[in-house]
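Each structure below is given as structure tokens.
Each of the next two complexes has chain A plus one other chain: chain B in the first, chain C in the second.
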Partner chain A sequence: MYLIKKNDILQIAKALSTEYQVYGPVIEPGSGQTFFEKVEDVSEINLSAPIPAAPPKHIVFPQADRILSYRYAGGNAPVEMKPDFKETPKALFGLRSCDLTGLQCLDRFFLGQEFVDEVYRSLRKKMFIVTNTCVVPFKYCFCVCTDSGPAAEEGYDLNLTDIGDNFLIEAGSAKGKALCEKLQLAKAADKDLAEKNRLVDKSITLFESFSTESKAWVSRVMNRITTGFAKEEVWEYVGDQCFECGACSFVCPSCSCFNVVDTATGDCSCDRLRTWDSCSYEGYSRMAGGHNPRKPVEDRRNKRFFCKLSYSQSKKYLRPGCVGCGRCDWVCPGDIGMPNVVKYIRRETTSRDQL
Partner chain B sequence: MKQQPGVCTFCGTGCGHFMKVTGTAVERVFPSQNHPVSKGRLCVRGWNIHELLNTAQTINRPLIKKNGQFAIASYEEAIALLVDTLKALPPTAIGFLASPRSTNEEQFLLMKLARAVFKTNTISLSSDAGHRGCLNVLSRGTGMAGMTGSLDEICKAEFLLVAGSDITKQNPIVGSEIHLAAQAGAKIVTIDSRRTQIAKLSNTFLQITPGALKLAVAGIAKCVVQDGLIDSDFVRSSTKGFEEFSASLTQLSEQEITAKTGISIEEFKLVAKALSQAKTAMAFFSSGISGLDEDTISYIFNLFAMTGKIGKEGCGVNPITGINNLQGGYDMGCAPDLLSGFQSLSDQAAVKKFNTAWGVELNITPGRSVSELLAESPGQLKALVVIDHDEGLVRDAAALQKVDFIAYISTYKNKFMDHAHMVLPAARYIEEDGTFTSTDRRVQLSVKKREPQNDVLPGWKLYARIAEKAGAKWSYAGPAEVMDEISRLTPTYAKLSYKKLASTFGGVQWPCDEKNPDGTRRLDIKAAGSSISFAKVSGAFAVPAAGKDFPYLLMIGKAQDFWHQNNLMRKTFIPMREYNATLLDYPEGYVEIAPDTAKALQVRNQWQVKVVSPYGEMLLAVKISADVKPHAAYVPYFARDIIAKALTGHPEIFKQGEDATIPIRIEKV
Partner chain C sequence: MQPAEQLSSPYVPEKATIKKITQLTETEKLFLLSIDSGRSLGHAPGQFVEVSLFGIGEGPISISSPPARDNTFELGVRAAGNLTRALHGLKAGDALGIRGPFGHGFPVESLMGKDLLFVAGGIGLVPLRSLIKYSLEHRDAFGRIIILFGARSPQERLFTDELAAWSKRSDIEFLETVDRSDDGWKGNVGVITTLFKEITIEPRKTAVMIVGPPVMYKYALLEVKEREVPKQNIWLSLERRMKCGLGKCGHCQINNYYVCQDGPVFAYSQIEEKEEAL
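This part shows the complex of A and B:
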């Protein structure tokens, strides 16, 4: 554990920038919206910025990514194929714990199974992760319900906590420790850690009522969904409200579904693109012959919640696939972000009032 | 940090987004959280707009057709051909079809080009009928030719009426605002013949007989009068013409209302009561190519006037434009009889102002709408200049054959190019500054995010080159100067400038003038000290009836898988897949019928049937759905070619768009 003066915190980012492309929370001046973006200069980073509107997923899994380009002139001409991805060392500076948890979910999906995704691996490799403890939660946050915050517990190289005049720095890896030593940072005392713990405990009390009331309910709903006790009518009620925009998947730190399309770039050349996809789309599960096992919107909608609260993330890795960032709630035109769906399943809501 | 704010340019909602542009590629798009209307949301189209902007299916060079084939030409050559052709013709033989997708600056300059340079008033928008009807009613009733409410006040409305609009599919974020208002306690009432998503999200859904929307609204109005629910203070102090409207309702009997709408009078009474008891209320209906007719809009307007729900906070009669700059198109005077700001060509003072500013003598005889001319007097038009046309002039294909010269100006390739004799490319909207006016009169600046590809000219520059070639002296340094001219000549835009728009996040709503330099969120009767006039209504409620020979009533509408001919959607990946899913299942279109109907006809999903009407017949696949009532049937608009063929010789029916209700019988094939 180390300490650094609050005003000096960006020195760490500066030091990282010699070896890594640095990404961090940046506030867009016109609108006040936070993005997690690659910075040209570390002074753009604002560690007290609100939770970024979009998770850092796009860094390892871009919205539309050319993964291959190929050329084939026909006949006996050889096919020229060029994979199109490279490894660039990246430092994510000031990641929120929910987003780190999301990254870990993506890792399990893309790297932790039988087939390793080379594109993801190349984007994810050589990454230095600096997390930032949320001493104040944001309006939509409920990470306390999903075991993913407000402070990161593992998976970081460095974790920062704003404890007043200083940042407490915890090293989570040899790499992280080495950097702190190199920068000759002051050692922290037990009281600094105690202060961090106090602030985290306080932060937990500041969450919106949904989070504090429903803390147990997310796990109860996981149980209900997994054991088939969520009522069909509730899914229909939820499905009716789905606008099929795909936003929930796009802003979800742990959603990993993608579509692969080939698009002609010339008469004989083609780009293969990988783009984000969403289970809320009808075309997502439509099969070539026209059969669609999830045609009704309510079936597609419950797919998302099965995925977050039951399928592999939960059954295999024993944690929800949801990381409690609340972004799906913010972007959803149908008002069926995770918190509301948990509420509907819990209350068995199936209809609205008539005049 | 390369996230640049911008405006989504699909529908008329005007959602805010951010775009990350790297080099020539639009990497990704993200909703704008603090935008006053969209508040962090986008729909399936908006989330994937980068796919459209990255498409290679664009027009990159001027093209001139020689011996039936397009050959690449230089701008000089193409512009000379265009100008020489137009100059050789009498003005009445020249038509301009403006696009509701163009920026205000482009529309204004095209309007100027048509009137001041080529002396023709035959300029119209490709989706003219519906929105013009809305503007006529609102302008006569309130003096404001635009939505009287504001989208960012939907959350303040206690009662929301959705009249015949599949709003969550056409303008999803407006639909979302309505839904969120209801989640917070407001009441939604939807009147439609088909159970749409917003119908499912409503507190009350009146599933009326196809073609009975106007009567249903009149029915509610009658209940308001009968049950003493009129806001008499408001009617007395702030309106004119109530007696006449009220008298027209007395002729309407409860029996007729119920018989023709299929809804009991008690249900209308409940709606009337909820509407008048709510402190604030808004009405929503689609405008544009398949919008409501003027008479129906007049009834909606009058219903809201008599209950005091116009001209106050959280209130409004709100036409919702389907295409991003349709409202702007009318604001810029892309109509046969209008100058910018809904100033009439018959208004001598206005014409004089334009004459002085432009140094010309404008022709003050109104022109005609291009689509009307093509349908009714084919052959009169010898030359037609068409901008970005994705509504598909399929029904006019034969008439287009008779036009000697068609110039097409557009960004994206589409089938309309086949009709053209020459094609001029125009830059994408992110390649030049420009403003768009969304459905709630919100003017937003979309800034340039990259250079045009292949040295393609932006629209304003292209029009200026054409004007100069034709001998006019135009000297705009850029779109900002065009806006300066717009504001000088357009009272509703008087105090708008790029400077103001650039410094106002989320745009400025017109009227923006001396009195309201920061714009006007909504029509405010009290503040303006104005009054509103009840709209004249016909009192005629002919509802097509099903009979023995034609026992089902067919309605035509937009399917969720269809969005303005899908020309733009086809150039994307994800939306294309989504919009194609139904087309793949039903390549020749479908007729949606109720389960009971299917049972009676002994047909199953995807079986072919013959739909026979008094006007013609068509072969369609069956789609069984509980969203239509027995005795009703629904054909989505994407089967437009098929519908058009079946209705050949009956343009009056086709013209009714979504209002068209056709008695049919269905035969098993």
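This part shows the complex of A and C:
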């Protein structure tokens, strides 16, 4: 554990920028929204910025990503096909714990299954992760319900916590520790850690009522969804409310579905791209010839919640697929973000139990 | 090009060449392919490949030939969408890309010694043909072989030469029907389930393989269940939009199953309870 003066915190980002392409939370001047972006100058990073509007998923799983490029000449002329992606060392500076958890979900899905996704791996390799404890939660946050915050517990190289005049820095890896030693940072004392723990405990009490009331309900809803006990009426309502805009999938730190399309880059050359897709779209499961096994929108909607919350699906992430960032609630025009759906299932269940 | 990097990726196809094209019906063609490297595909009956057409895209196609000793294999394709229409536009000698084979096919080992009942509806014969031909090549390893085939009309019957050969063999019970007949048709008329009353099976000894259009599963399963064939001996192949074949893109999910990996062939006992599977 180390300490650094609050005003000096970006020195760490500066040091990382010699070896890594640094990404961090930046407040966009026009909109005032936070985005987690590539920075040319580390002074753009604002560690007190609210949770970014979109998760850092795009850094390892871009919205449109080339997985292959090829040249062909027609007929049986030779075809040149090559995997086309490269590794750039990246430092994510000031990641929130929910977003780190989202990244871990993607890691387990893309790297921990039978097939290792080389495209993802090339983007994910050589990464330095600096997390930032949320000493104050944001309006939509419910990470306390999904065991993913407000402070990161593992998976970081360095974790920062604003403890007043200083940041407490915890090293989670050898390379994190080496960086602190190289920068000759002051050692922290037990009281500094105690202060961090006090602030985390306090942060937990500051969450909106949904989070404080629903801690047990998220896991209970997992049970309901897994056992098929969630009422049909809930899905019908959720289906009626869904605009099929796909925004929930795009802002979700753990959503990983993609489409594959070939786009021409010349007369006889193409890039094969994978692009984000959403299970809310009608065309998501439609096949050539028009057959679609998931026709009604409520059918498609309950699949998203099944994917995030059922036990069998959670095997692929070794935890719930939801990381409690609240972004789906924030962007959903139909009010069917994760917290609300948990509430609906809770309400249905509670009213039935009372009969 | 940076040859130094030597990146590999399961998304990169192998170049293959069309050796021969046979017109099966007005809308279906059979493509005989070989992988240029000389590699044998090494598939099991019921598996599929991802076919890349350069400048068009990629899609899953089931393999219609039995496991082969050489590097060739067959794909039976209906021109139904952009990719398959473009595939129909190719000619012998043209190149395409292949990834795979992917998924779980029919459990050939556990079928040995059993009576086999094939229920093929229309284009469902294309994937089933791989196992049918395999079982005929290893005829002694199996009990009775019963094949029920239904087409919408006489013009839509696939592999007509093979159907004729099967109907002549004494070691196969082959029955077929068409939904709608025309003047020249002398055979059965009616949906495929009408053929069930023509056969008797020993439920405990029989494995049933059903492949056909989605609506057929429901009715064919009723017939099979009525005869009390154990659910774990009923095998179905599901069609889904399997974009990647690797369990990543998500499009073929049925709850916790990825059809491209866990299927496309499933035992009925595996998917009976799954919404949207059938």
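Simple rule for what comes next: the second predicted complex is superposed on the first by the 339 of 355 C-alpha atoms of A that agree within 3 Å, B and C clash if a C-alpha of one lies under 4 Å from a C-alpha of the other, contacts with A are read in each partner's own complex, and residues count from 1 in each chain.
What we mean here is this: contacts are C-beta pairs under 8 Å (C-beta built on N, C-alpha and C of every residue); 3 or more make two chains touch, one makes a residue touch a chain.
Just so it is clear, the structure is predicted and the values come from calculations on it, not from any experiment.
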Partners on chain A (chain B, chain C) - clash or fit
fit
Regarding the shared-chain residue A:Arg286, is it in contact with chain B (first), chain C (second), both, or neither?
both
Touching A:Asn259 in the superposition: chain B (first), chain C (second), both, neither?
both
A:Glu213 contacts which: chain B (first), chain C (second), both, neither?
neither
Thinking of the overlay built on chain A, is A:Asp277 touched by chain B (first), by chain C (second), by both, or by neither?
both
Partner chain in contact with A:Glu37 - chain B first, chain C second, else both or neither:
first
For the superposed three-chain arrangement, provide the angle chain B-chain A-chain C between C-alpha centres, rounded in steps of 10 degrees.
80
Given the touch rule stated above, what does A:Leu68 touch, chain B (first), chain C (second), both, or neither?
second
State whether A:Ala77 touches chain B only (first), chain C only (second), both chains, or neither.
second
Using the touch definition from the top, say if A:Gln113 reaches chain B (first), chain C (second), both or neither.
second
Output check: A:Arg294 vs chain B and chain C. Expected answer is one of first, second, both, neither. What do you get?
second
Distance in angstrom between the closest Cα atoms of chain C and chain B, superposition on A
8
Quick check on my understanding: which residues of chain A belong to both its chain B contact set and its chain C contact set?
259, 261, 264, 277, 286
Which residues of chain C touch chain A in the complex?
1, 5, 7-13, 15, 17, 54-59, 78, 80-84, 93-95, 97, 213-214, 239-241, 243-244, 246-256, 261, 275-277
What residues of chain A sit close enough to touch chain B in their complex?
26, 28, 30-33, 35, 37, 39-40, 44, 53-54, 58, 62-64, 240-241, 243-247, 250, 259, 261, 263-265, 273, 275, 277, 281-283, 286, 290, 292, 330-335, 352-355
For chain A, which residues are in contact with chain C within the complex?
67-68, 70, 72, 74-79, 81-83, 85-86, 109-110, 113-119, 122, 256-262, 264, 268, 270, 272, 274, 277, 279, 284-289, 291, 293-294, 299, 303, 306-307, 310, 312-313, 315
With touch defined as at the start, can you tell me which chain B residues reach chain A in the complex?
1-3, 5, 16, 18, 27-35, 40-44, 46-47, 50-51, 54, 56, 168, 172-173, 175-176, 179-180, 182-183, 187, 189, 197, 200-201, 203-204, 270-271, 274, 505, 560, 573-574, 577-578, 580-581, 584-585
